[in-house]
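Shared chain: chain A. Partners: chain B in the first complex, chain C in the second.
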Partner chain A sequence: MNRQTAPTDWKGAVMQKRIAGRYAAERRFRLMGLGAVLLSGAFLAFLLFVMVGNGARGFMYTHVEVPVDFRAMPLTVDKTRLGDADADQVIANAGLADIVAFAADEALGTDGSKLISENAWKEVRSAIKDNPELLNARTVFDLPASSEVDIAAKEGAKGALGAKVDALEKDGKLSTGIHWPFFRNADATDPAVAGIWGALKGSVLTIFIAFLIAFPTGVLAALYLEEYAPKNRWTDLIEVSINNLAAVPSIIFGLLALAVFINWFGLCQASPLVGGLTLALMTMPVIVIASRNAIKSVPPSIRDAALGVGASPVQVVFHHVLPLALPGILTGTIIGMARALGETAPLLLVGMRAFIGDVPGGICSPSTVLPMQIFLWSDEVDRGFVEKTSAAIIVLLVVLLSMNAFAIYLRNKFEKRW
Partner chain B sequence: MTQDDLTITDPKMKAHGVNVFYGEKQAINDVSIDVGTDLVTAFIGPSGCGKSTFLRSLNRMNDTVASARVTGQIELDGEDIYAPSMDVVQLRARVGMVFQKPNPFPKSIYDNVGYGPRIHGLAPNKADLDVIVERALVRAGLWDEVKDRLQESGTALSGGQQQRLCIARAIAVDPEVILMDEPCSALDPIATAKIEELIHELRGKYAIVIVTHNMQQAARVSQRTAFFHLGTLVEYGKTTDIFTNPKQERTKDYITGRYG
Partner chain C sequence: MTFNAAALLLLIAGLALIGWLAGRARSNLLAGRAGEKLHSRPQYHGWYVALWLFAPAALFLAVWSSMSPALITNQVLTSEAAQSLPSFGFERGAILSDARAVAQGRQAAVRLPAAAPLVKPYADASHKYAWIGIAAMLALALAGGLYAFTRIKPDFRARTRVEKIVMLFLLLASLVAILTTFGIVLSLLFESIRFFRLVSPAELLFGTEWAPTSGAPQPDTFGGIPLFWGTILIGAIIAMIVAIPIGMMTAVYLTQYAAPAVRKWVKPILEILAGVPTVVYGYFAALTVAPALREFAVMLGIPNASTESALAAGIVMGVMIIPFVSSMADDSINAVPQAMRDGSLALGATPNETIRQVLIPAALPGVMGGILLAVSRAIGETMIVVMAAGLSANMTANPFASVTTVTAQIVKLLTGDQEFDSAKTLAAFALGLVLFIVTLLLNIVALRIVKKYREAYE
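On to the complex of A and B.
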């Protein structure tokens, strides 16, 4: 055969230049990829650093030692009623708040009552309820400081307040420790008693409701669409609709829920029930899509094998397809649930942004959720809420990360290899 | 009557005037075949000739294809398998199937074989199931290789062992007919020889229908051979006749390797 052109010169200058260019392109690409990884790593590290740095202090609180002598300032209250349900009211009416304020003034000097939290007397109250004998004695209580004192103690302050705090610290009257009320209480106007538990419990209940509704519905819908539904124009339409539903902005689900669940069905406002239903609406399309993909990836040969020994379609689904698709379905579901957990917008509209001072008792009592609590606290004027906000963010992130870790665990546990 | 008599006096399955359509396209055109009770019947023909399609219509596996439509008559022991009164789940238990690619369930060897008997309620208790599983594995010639590791995953076996496991799974429900769709096309020659040997041993216990691309295999294992071409049955007869003395020109061209 005749060659029309000269033989390729593999060693020539043009070829060497091509080789050098190829290597350079390779290096460039690798560096860019590495840069992208480093940048996202830096973002993550920055986020964690700032959050942990600010938030860790949110879990701590400053307490002031205040001796209260009930022998000098008796609290006139019928001791037999301290076990009753209205004991709180009885003690409050007897003027405990004034006694504690007076004791603080006496112990800490003029305006001493301003140094402790205005809710500090409530701690004394619960101590009395636990042990009525305190009413006959002089006791030193570790009472939560006021928000200004707490910040001054943590960050240092100038002026009269700073001097006062320094003096207290020198006397050993200040102590800083983990602030358990933060993990026990619901929202409050006073950072000394505001807690995350109300929002955390609200989130857990809401997500539980959402899971209870969205998971079975989503998985059943996916199974039906993949295994039973005929492929025609109607199922195509349903598929497009589900994909579109997954892309609908979440606030629109909130409006829908407001109109349907609250205005039409008359369900309880601002409750985990309605919030859960709203998030279920939002998460279901995500679960359907993830489940359909997982079901699709089960090899058809397994279906043939089961049908070939005489399994009915339902047996094929429940004995073979569903167990094999489960890791994918669970991963998709948990990621959907994690997204729902961080969702704020749709819940604004069903009333979950209200100030709720009580820990929700059930799925129908008013409540708020973690991201909403973060939003509410970040809006507060009181400086004490700044670190509460960071602490709440840490709680939310811990919950999210544990959910993701659980997803990975489930996937590895159920994954079958062949 | 000798086994190689051409006339099948007691057919297990009878197909008469069968047409199979996929949507508008006709894949099988007017095929009539009798499958003998004690015989191995081989379907041969070039790719796309419809032999697998026809095989899958014998236990209604084509039902899973939405666009597939079967007309004509297919009988199992004189009973129309496409009649509304026929339960397709029971039919597939009576007419078992082995597929081209070994497809064990990602479960233990024991559960693979025990699955069919379990869902059909053939084993009232564990001891009965143990017996059924052992018998099926013995018949499939796999017992000696796996008896010490029945709880290991079926997918951990070699390709040939997997295919014999699939055969054991099919015979565990005690079928009357076993359909094999190119059971050796994914196996090496040694595994293939084992499967062929197994088919010899199973002959007489089950009516066997095997689709194969390999003409030597058809000649080795079967007593009846059907040659399909372009969706029609060109010739059907004793295997020896088909390979030594074909009546049709197209059959002759195919087995001598002129096309296909």
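On to the complex of A and C.
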């Protein structure tokens, strides 16, 4: 039986309503998409805002004016020894710390020595070493305040400390300036003198070693796999292990390094050498994958032309393919290195979380790295370290973002589209 | 006179450079004299000589610098002064290393008086073996160099030889990946087996009590279930609840709705989220997110609200994973043939109906693969959970309570100062093995799904 249905009445109220509903759903969906993008953007903005808001103050520090009169309180040291290697020890033994504390008590009232950092006398010491004539005069030093005073001056405080700080401020004895020791010193227990230079140097040494190992190995491996490797079981095994290594959690590399480099080879613990080796193993698969993509994008006509004029397979690759693929390879390498620079977990396991108060001297001396310094400071109880942590994070982010920006610049400038 | 491997390496590198120049000059000279054409370009002859000069000597250097300390110590032990040493143990080692440090000039004076008579034998032995080593190394370098040098003739196939060595280097470089994989598997297995001799695997996998630092009265218990639950709660549930909807919708919006100019700018900005170091996320979670969530929970009247909550770690981890999920979804949506999309639009479906009923179902296998990869990344993530999730092993579904994860426990077990061979440090390797196997399986399954699905459309 034939059933005749009436044609749909598209202009009717029912259909119009349905279409309106569908369009509303469309708009809602689109807004949800936009919302998701904005939400991710907002997360990023909030993260950066919190870090910059906390950290910007970490680059500044409050100083207190303290006059020290060495004529009234002589420091009995032999001036000819101030140029010696052990001058620091000589001055410390002569009791400079007590003299500075006494001067602070005198200038700032009772307990004045508690208002300046307990390491403030070290600033006086280096000034004396630079200019021994200070020992015969009365000099006004701008000494770093104690961490509590610094926080009180920046955020305001209540109670006796707040009143004291306000009074000092009124007298013009407080000054705030860029805190150079933050960029010059290694870690310390006192936030007034703790700095990131030690960690930064450790990071540079570690990344240098990682690059030295991972870059040649990764590029050569990629060249082999892409250009020469025969299709067989071995090659498959190599490919599978590279792809898996790229997805292995980083902490597993820390376990490997602990078992092999430290317990088996007995390499120096907590050193840039071991850290660099660990990060090299972690970064190598990333470099291999990036290099293979770059090598793949060099058109076969280049290889055919080179072979055609009589180049050997090795010459084809090293004279033609590699130089053309190099911008892509370098981009991938820089991105991999930036990731290694921000890595913390595997280095925790090879002992790089120890407190290191010295700037590392070489690749075998104990050191720490910038992300580890952030981790260590985030655990500190002293409130002065909160802004130091954020300041160190800003330094790390600036380094990483500029590395990534450089990689993008390199790609845009040199990458050829065939 | 001590044996400085780095300086000696530089020395033979310098010799190799001279060898390179000499080889190149000689090949030119011989070719000119004989009036023949060279088979290989002159620099290949140079490389041939340089490699023969460098490689054997460098190999010897590596072997010698690992062997000579033992030889030196052996000679010192036969000396008269060594007869009075304590026979074994820690003290003997300390005295020997003290004497060694002074003899090698790393230390100004001995710290242990018993080490003083050993300094001279040490210095003598170091001196002797250093000279033997240097002489042997130089002899090898010269012999290798001379051998190669005498082989240079106009028709000598230097290029072929050099290229063979280059190929060998390429092969060795690609073997490093296999070596690393084997290293990981073997070291994890080795230490785990030692752990399983002390604690049965069944206890680790199915035990419900995790208390490795409970102290002397009770024995340590290594039941892994609370850790596995914490890992799943943070990495596979909370983080994914955040990352999947936001990541998917971001990908949909950027691929289907956004103008190309917007896409060009927004994508790299979102990639920054993936490039922020995990320690920064951890600090952010612990400093900002966790206290806010705790206040929120207290306001709601939820019991056990802690400043170290699973929720804080999970949310921040989810944010970190967003770009990853979004780029995986992006790839799979783009891989759906344009014809399917056009067909759906031509039938009168709105873009939103097309996306939900055609594109996403078609892209689903790829998206699922991407989500599995994201989960594997989230459960292996360490710093966020170490800093924000806490270390107490709770079996709770309350996201405001503190839980711990496998990775956080690995860090905790290995950063204390216990003996390396204790059950606690070995337990870290066993947990590492579990983590490695799980992430490996997730990756294999995910890659297989993605691959299969790609083939279906190509």
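We adopt the following convention: the second predicted complex is superposed on the first by the 381 of 418 C-alpha atoms of A that agree within 3 Å, B and C clash if a C-alpha of one lies under 4 Å from a C-alpha of the other, contacts with A are read in each partner's own complex, and residues count from 1 in each chain.
Operating definition for what follows: a residue touches a chain if its C-beta (ideal position, glycine included) is under 8 Å from a C-beta of that chain, and two chains touch if they have at least 3 such contacts.
If you're wondering where the values come from, they're calculated on a predicted model, not measured in any experiment.
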Touched partner set for A:324, first chain B, second chain C, both or neither: first
Chain B versus chain C as contact partner of A:248, first or second or both or neither: second
Between chain B and chain C, more extensive residue contact with chain A: C
Partner chain(s) touched by A:366 [first = chain B, second = chain C, both, neither]: neither
First (chain B), second (chain C), both or neither touched by A:378: second
Which superposed partner A:191 touches (first chain B, second chain C, both, neither): neither
First (chain B), second (chain C), both or neither touched by A:312: both
Touching partner for A:144 - first (chain B), second (chain C), both, neither: neither
Touching partner for A:276 - first (chain B), second (chain C), both, neither: neither
Intersection of chain A interface sets (partners chain B, chain C): 312
In the complex, chain A residues that touch chain B: 230-231, 299, 301-312, 315, 319-320, 324, 416-418
Residues of chain B defined as touching chain A within the complex: 59, 61, 64, 66, 89-93, 96-99, 101, 103-106, 115-116, 119-120, 153, 155, 166, 169-170, 172-173
Contacting residues of chain A [partner chain C, same complex]: 22-23, 25-26, 29-30, 32-37, 39-41, 43-44, 47, 50-51, 54, 216-221, 223-225, 228-229, 237-238, 241-245, 247-253, 255-256, 258-260, 263, 281, 284-285, 288, 312-314, 318, 338-339, 341-345, 348-349, 353, 371-372, 374-375, 378, 386, 389-390, 393, 396-397, 400-401, 404, 408
Of all residues in chain C, those that touch chain A in their complex: 159, 163, 166-167, 169-171, 173-178, 180-181, 183-184, 187-188, 190-191, 245-250, 252-254, 256-258, 266, 268-270, 272-273, 275-284, 286-288, 319, 322-323, 326, 350-353, 355-356, 373, 376-377, 379-383, 386-387, 407, 410-411, 414-415, 420, 428-429, 432, 435-436, 439-440, 443, 447
